[in-house]
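Mind having a look at this structure? Questions to follow.
Going in written order, the chains are labelled A, B and C, and every chain counts its residues from 1.
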Amino acid sequence: MPRSDFWSGLAVAGFGLLALLWMIPNYAGSNPFAQMPPELVPGIGAWLMLVCGGIVAVKGLVQILRERISFVTTEFNWAAVGWAAWPFVYVAVAIWFMSFIKITWFGAFLIAGMLLLLGERRWYMILGCSVVPVVLLYVLSVYMMRVGVV
Amino acid sequence: MKKTFAAILGATMMTAPMAMADDWPTRPLTMVIGFAPGGSTDIQGRVLANVMEEYLGQPVNVVNQPGGGSAVAFTRLKNTEADGNTFLFGGTTALTFTPIITPVEYEIDDFEYLAAVALGQNAIVTSAEQPFSTFDEIIAHGKENQMTYAQQTPLDEAIMRAIAEEEGLDLAIVPTGGGGGMAPLVLGREVDFAYSGGTHAQYTPTGEMVVAAFMSAERSPFYPDTPTLMELGYDYSIEDYRTIIVPQGVPENVKARLLEAAEYASESQAFKDITEGNTFFPVVFIGQEEMEANVRRIRAATEEVMAD
Amino acid sequence: MDFSAVGAAAAEALTLASFIGIGGGVLLGYVVGVIPGLSRSVAISIAIPMTFYMSPYIAISFLIGLSKGTAAGSAVSAILLNAPGEASSAATALDGYPMAKQGKPKTALQIGLIASVMGDILATIILIFVAIPFARVALMFGPYEMAAILAFALVFIAGLSGGNIFKGLAAGGLGILLGTVGLDNQTGLPRLTFGYTELMDGMPLIAVAIGTLALSEMFVQSEKLRYERGTMSVALKKDDSDRMTWPIFRRILPTILRGTGVGTFVGALPGLGPSVGSFMSYGMAQKAAKEPERFGKGEPKGIAAAESADNAVIPAALIPLFGLGIPGNVSAALLIGAFAIHGITVGPLLLRDNPELLYSIFAGMILASVIMLALGWFGLMFFAQITRVPPHVVIPVVIFFCLAGMMLQGYGTFGLIILMGFALLGYLMKKYDYSFVTFLVAFIITPMLELNLRQSIILSRGNWEILLGRPIAMFFIACTVLALVTLIIRTFRTDKAAAGAPNSE
């Protein structure tokens, strides 16, 4: 997979570079009296990412050039990408919801909605799988952990 | 300041018509703990919640809001409705110390300090196998030899640096990240002496660890013979009170009820057993007036130490 | 050994509450293990919030019971579905599935169960007898030794995590970087928190764990649903000749013992994990067999070898955890978090300060094995049915528990956003084959390593000669250098060939 190696390596190295140039100098703080300054260990991590990500990317690049394949895939399967992406969107929306309503109140709909999207059509499965976990959570949070409804 | 005053006025006026509520509380209360479950504050808080529930006749739910040594919890508490239904239980370091070194979005005047029910036990400890056991002996030993000290907070490090400078010690200070990390260093004699926020209580009964001095303002009832740093002539102290704290502007009658519940808890055997027996914090009862003064006094003293 | 403490421990292990707690853990683990795609670390990371209201002993035993249950339960789906519930049971499927196809599914399941339970009990006993003397020695370890051992563990795990070595190191680099977020433990000043008070205590471990392990796995699984939807499970029939007999047991006993030995050895080394153990044991059994060609075609010894080693790894991985406080694998690392939640620091001092707790946990572990045997034996038919639960039903429920588990932690919306970020990260790492095990272990070890290194440098006052009086530290520094050199040599040698070693978790 030279293509994905190249791009992922590039992303990792890029993040390492970002950390080295911007994040660590600005946000790691400093302690001139410390024998081991606070920016040392994050710096090691960032260098590892930069160097190793860079090697992965370069190896991918060499292979791409040797095999004469293009940098981006020509046949882009949008349906597959969409199928991989929708659960992320679904959960992200659920998280946004959770800043207004407690998950106990809409958890059953959350599960049922995803079951429907994943192709479950038997009503008793949908009802059982969505209600039972929510009831369990309610018992756990209110009666056992005593933190109130979450 | 003006803004806070207006806020208080607004809050009082809004709640004033409902002040008939002598039967408060009428719905479940929330106790906020600024640490993750399992720490000493959490354990004490959960027992306290049970006892207060007994007294107030409404469930007291415990909610953990960890982060920044309670800074997150205080930020959120400041923005909750001042009806007394939500209150915080915890130490005061996030108010007396944290704002000095990190920018936070709250200040001492945003809250009211209803009652302290337990005292922190900050001490300087050393291993029983060291050639010294009192603080004076540590200093005397340090004038001849290089010494090592294990810190847990920047505040105790600052105090110890100041003392080392006054006494002319060659002192290396290592971080430990907490009481769990301090104990092996002291017991293994990797360091000569260390700061302890209460962990020592597990090791002094077996005679492995010795308390050289207390950093609190007064001696601990558990170690009546051990002096405080103040008594030894060093003008430094670290005080911590486990306090019930509400946002500024809670109605008087609600505060009075909470105070009664706190006083009831401080006399309860269950709370004493856990707090003194398991977490080794002496149980006390300090009312609002004294606590308000305490918090401001500690903050001023801390600012002075950290300014150096 | 302190016998009054042992007695008290046994008494606590036999209360009703602990029966329910441990039994519940094993049962839950068994169910999770049976469901393909739900792994052990997923189960543990979601279950940690459930343990808050339990006593520390029951909480830990519950979680260990859960791990043990997953290891035994995963054999069921490996045998009946040819789809292992855990990567570590893949070796079990090699002979288990053919045997089930030949009309002996029950025998195969029983062999798997007996091998699991025996490997488990024996390894637990070894743990008890090794961890205790080990903890005594470990008490003499200071910051120098700890720093050296942690550095060794980090390099060792990076080298073993399989796949492309550079990708593994890059993932480790990210783990190191993120592990340093939070208040600097010396100055108390924020580091890489970007002004967020919520990050002052560091990236919350539970968000990182649930995100990269559980939630991201659900995204991976739901993506797979597009291409495949469940496989046919071999059904159990009423057939009296289909059961394990005494001659079969006698034939596989030596294999079980060997598997336990291999599993214990692999488990005690940090970073290897159960899949390495089970495959290694399977290979050794095949080499030692008189008729190696029968392996892969329904040989009972194959099941026994894989399952006994798989289960022996779980207790053995606790040897470095209880002895030194160093997690051997991701599940053990999550256990550190669970201990911390209950106010207990894991490490050599645990044995000294809380011997009752440790003995209770050991007693609970033995109890868990016994419960596992009973549950597995009598619940055979029931667990066989679970293999028929399709993944598309499992995914939404697990996602719900991931979100709810995070809310129970009290980090609020901020915690959920972090969770989502790490789920995305975990998904990408799995997709592009960056070892998320290396990432997580680096994330967990970095703060400990940095603290111990700092202490060593300050205490030695920069004087390297102090190491000469520290033979254990010297030994592990040598090991670290050796591991680094091997790593580099291996990297250059396998530069051409695409490495395909199994993941360690």
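Here, contacts are C-beta pairs under 8 Å (C-beta built on N, C-alpha and C of every residue); 3 or more make two chains touch, one makes a residue touch a chain.
Predicted model only: the values in this text are computed from it and were never measured.
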Original post:
For chain A, which other chain has the most distant CA centre?
Top reply: B
Subject >> Pair joined by the larger number of C-beta contacts - A-B, B-C >> reply: B-C
**OP:** Quick one: report the Å distance separating chain A from chain C, using the average Cα coordinate of each chain.
**Re:** 22
Subject >> Intercentroid distance (Cα basis), chain C paired with chain B, Å >> reply: 38
**OP:** Return the residues of chain A touching two or more other chains; collapse runs of consecutive numbers into ranges.
**Re:** 146-147
**OP:** Indicate the residues of chain B shared as contacts by at least two other chains.
**Re:** 63-64
**OP:** Among the residues of chain C, pick out those that touch two or more other chains and give their numbers.
**Re:** 52, 186-187, 189-190, 410, 454, 458
**OP:** Sort out for me which residues of chain B touch chain A in the complex.
**Re:** 28, 30, 46, 49, 59, 61-64
Subject >> Interfacial residue positions of chain A with respect to chain C in the complex >> reply: 4-5, 8-9, 12, 15-16, 19, 23-24, 27-29, 31, 34-36, 38, 41-42, 44-49, 52-53, 55-56, 59, 80, 83-84, 87-88, 91-92, 94-95, 98-99, 102-104, 107, 110-112, 114-115, 118-120, 125, 129-130, 133-134, 137, 140-141, 144-147, 150
Original post:
Of all residues in chain C, which touch chain B in the complex?
Top reply: 52, 139-143, 183, 185-190, 195, 197-201, 204, 340-343, 345, 347-349, 353, 409-412, 447, 451, 454-455, 458-459, 461
**OP:** Using the touch definition up top, name the residues of chain A that touch chain B in the complex.
**Re:** 146-148
**OP:** Spell out the residues on chain B that touch chain C in their complex, using ranges where they run on.
**Re:** 36-40, 43, 63-69, 71-72, 75, 101-105, 146, 148, 151, 153-154, 157, 172-177, 180-181, 183-185, 188, 190-191, 202
